[in-house]
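Below are two complexes that have chain A in common, paired first with chain B and then with chain C.
And then the complex of A and B:
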């Protein structure tokens, strides 16, 4: 699987998907005009990729400043995908990075994280 | 800080035009409105006004959680217009432009974001009962519904995740109201006002 790197724009996040290292990061603001167009292909590739992994360690980091409700749906699918990969015997570390005084982003992280059982979930406040 | 403008009578130029515009501006200010947009809405407009709102609220020293909540509700409200307003122009390359009115203001220590657009009257009942349902929910119930909706397939006719209104309700710390006005046989005007 080829690595994917997409620069951030005004309304879409930076994507750094390193399949060689199994290290993935979504960073910035997410309210693209067309969420399906922006994330659709990537979600599909990741789903295929994760479902074929065995005994690997996956690091996935969400470092978001703002995202809209359509993006939340995409992230929910990603969390479900990561939990499944962990259930299949991979070690999955999910990091939720948020600005420490951002109550809402903290709450959103907790809400996504509470459904992870097989995957490790870490809340990481930053200044 | 706001600027004190001279009285209308001393303004130069086309008196009628300036007076009308000045009256309009004063009407908006008297109702607490800081930002007002009425017209066809695009994503570029959303980003532009959104950034200006963030700047204005930062100058007003609103706490950062309020600023983030206002921005968030603003985005969901504007995206609802962009996706669902029934007042549409289609350009020759089939791009759709949808019309709506969006205001952001502050009154009685509450920031409000109001959005209005034409809908088809046949959608009124579905929209109204959905809003009444989430209006009656406490935080815990809203969070549960939010999560369920994120996991479900989008409802029929929905172009987003079908979760925008729930998101607005979650963010509107001081509640929200909504209303419909009949426009003609098939159309109504819908308004949603969220308080933060």
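And then the complex of A and C:
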């Protein structure tokens, strides 16, 4: 599958989806004007891709500063996909990177991570 | 009584769970499908709860930010009000509206420049205590600034007992109207000085201030002068020096203007031409005009009527009319009125 790289804007995050390396990263702020338009196609591609993976190692990094409720719904779907991929026998590492004094982002990461059982979840505070 | 926002959803889940556990669903496949639906509903319910919580949290955070921005904005507002007192309101407004940049740029513009000082200031005030002098000066500047702002002057600066103001930048009502505003302002200031003199005498100041005013119209360089770190919005040029020179040649309590200003305001004033003067930086000989009387715009000043427009000119000073002339003038005015129909 072709890698996807989208630069960040004021309202949307940087997307670095490297399917060759199974390394994925969402970084920045996320409150796009149209969430469906921004994430819709990508979610579909990832769903197809993850459902066909077997015995692979997937690294997924969320490095977010702010996101709105619609984006949160998208991320929850991604967490579901990752959990399912882990349940299918893949090694899934999810990293939640947040600024160490951002209590809000820390709390959100903890809540999102609660649902992951098969996948590995790491909270990573940065300065 | 406690309230759970999601009470209804919780009850549905409990009912579904109870139904599953009761074994009332006999068909195993249906029971399995029901269990799946129950699990899916539980997950969606969890997502909903999380989103609502997150939305509330974001809103709270945004409210806090908005509150802190409000506080900062109030603080900046208070600060800018304080700073505004160090600037002429027009300059302050043009900077804050973004019309003018705080950079070292100047332009050449035709302005009417006003310069004033207090005659023999040092001698007049040498016997005064510093506190009295401060109070007297502040009262004088407050009164004069009030009149200046009323007429739309850009107050450039106070230099000791002197004041430098100009009309025509940052806002101009046209060169002619700028000059007329300046003249009206100068005359009102001198009239106010007559009242202030009475007040000061009553307060025990035996040598009240006497103001001299010089006015000139001409091209000046106006803008920000100084350095990038510290600049002044001011005017420079020979025409500014000329206003100062006219002021020093002015009678105490009077207004002396150059021919250039006189030409723009002559229908408003009665003047007396003075001896020409020469000023460094100005090649031409300067003809000064001393203001004797001015028409405030109402056309009536005590016993003087003055009005002019295209095809009409009236100047009537009743104090100078003899009985015989008075009757003659009266008849001529009646005839003039009749002719208008």
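One rule holds in what follows: the second predicted complex is superposed on the first by the 127 of 127 C-alpha atoms of A that agree within 3 Å, B and C clash if a C-alpha of one lies under 4 Å from a C-alpha of the other, contacts with A are read in each partner's own complex, and residues count from 1 in each chain.
Here, a residue touches a chain if its C-beta (ideal position, glycine included) is under 8 Å from a C-beta of that chain, and two chains touch if they have at least 3 such contacts.
Every value quoted in this text rests on a predicted model; they were computed, and no experiment measured them.
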Chain A as common anchor, with chain B and chain C clashing or fitting: clash
Contacts of A:123 with chain B and chain C, given as first, second, both or neither: neither
First (chain B), second (chain C), both or neither touched by A:101: first
First, second, both or neither for A:111, with chain B first and chain C second: both
Which superposed partner A:8 touches (first chain B, second chain C, both, neither): neither
First, second, both or neither for A:69, with chain B first and chain C second: both
Chain B versus chain C as contact partner of A:33, first or second or both or neither: first
Winner by number of chain A residues touched, once chain B and chain C are compared: B
Chain C clash site on chain B (candidates 63-71, 81-89, 117-125 or 153-161): 63-71
Touching both chain C and chain B, counted on chain A across the two superposed complexes: 68-69, 72-73, 76, 104, 111
In the complex, chain C residues that touch chain A: 46-47, 50-51, 54-55, 57-58, 61
Sites on chain A touched by chain B in the complex: 10-11, 31, 33, 35, 66, 68-70, 72-73, 76, 80, 101-104, 111
Complex contact set, residues of chain A against chain C: 68-69, 72-73, 76, 104, 107-108, 111, 115
Chain B residues touching chain A - in the complex, by the definition given at the top: 43, 47, 64-65, 68-69, 71-72, 75-76, 79, 143, 146-147, 150-151, 154, 160-161, 163-164, 166-167, 171
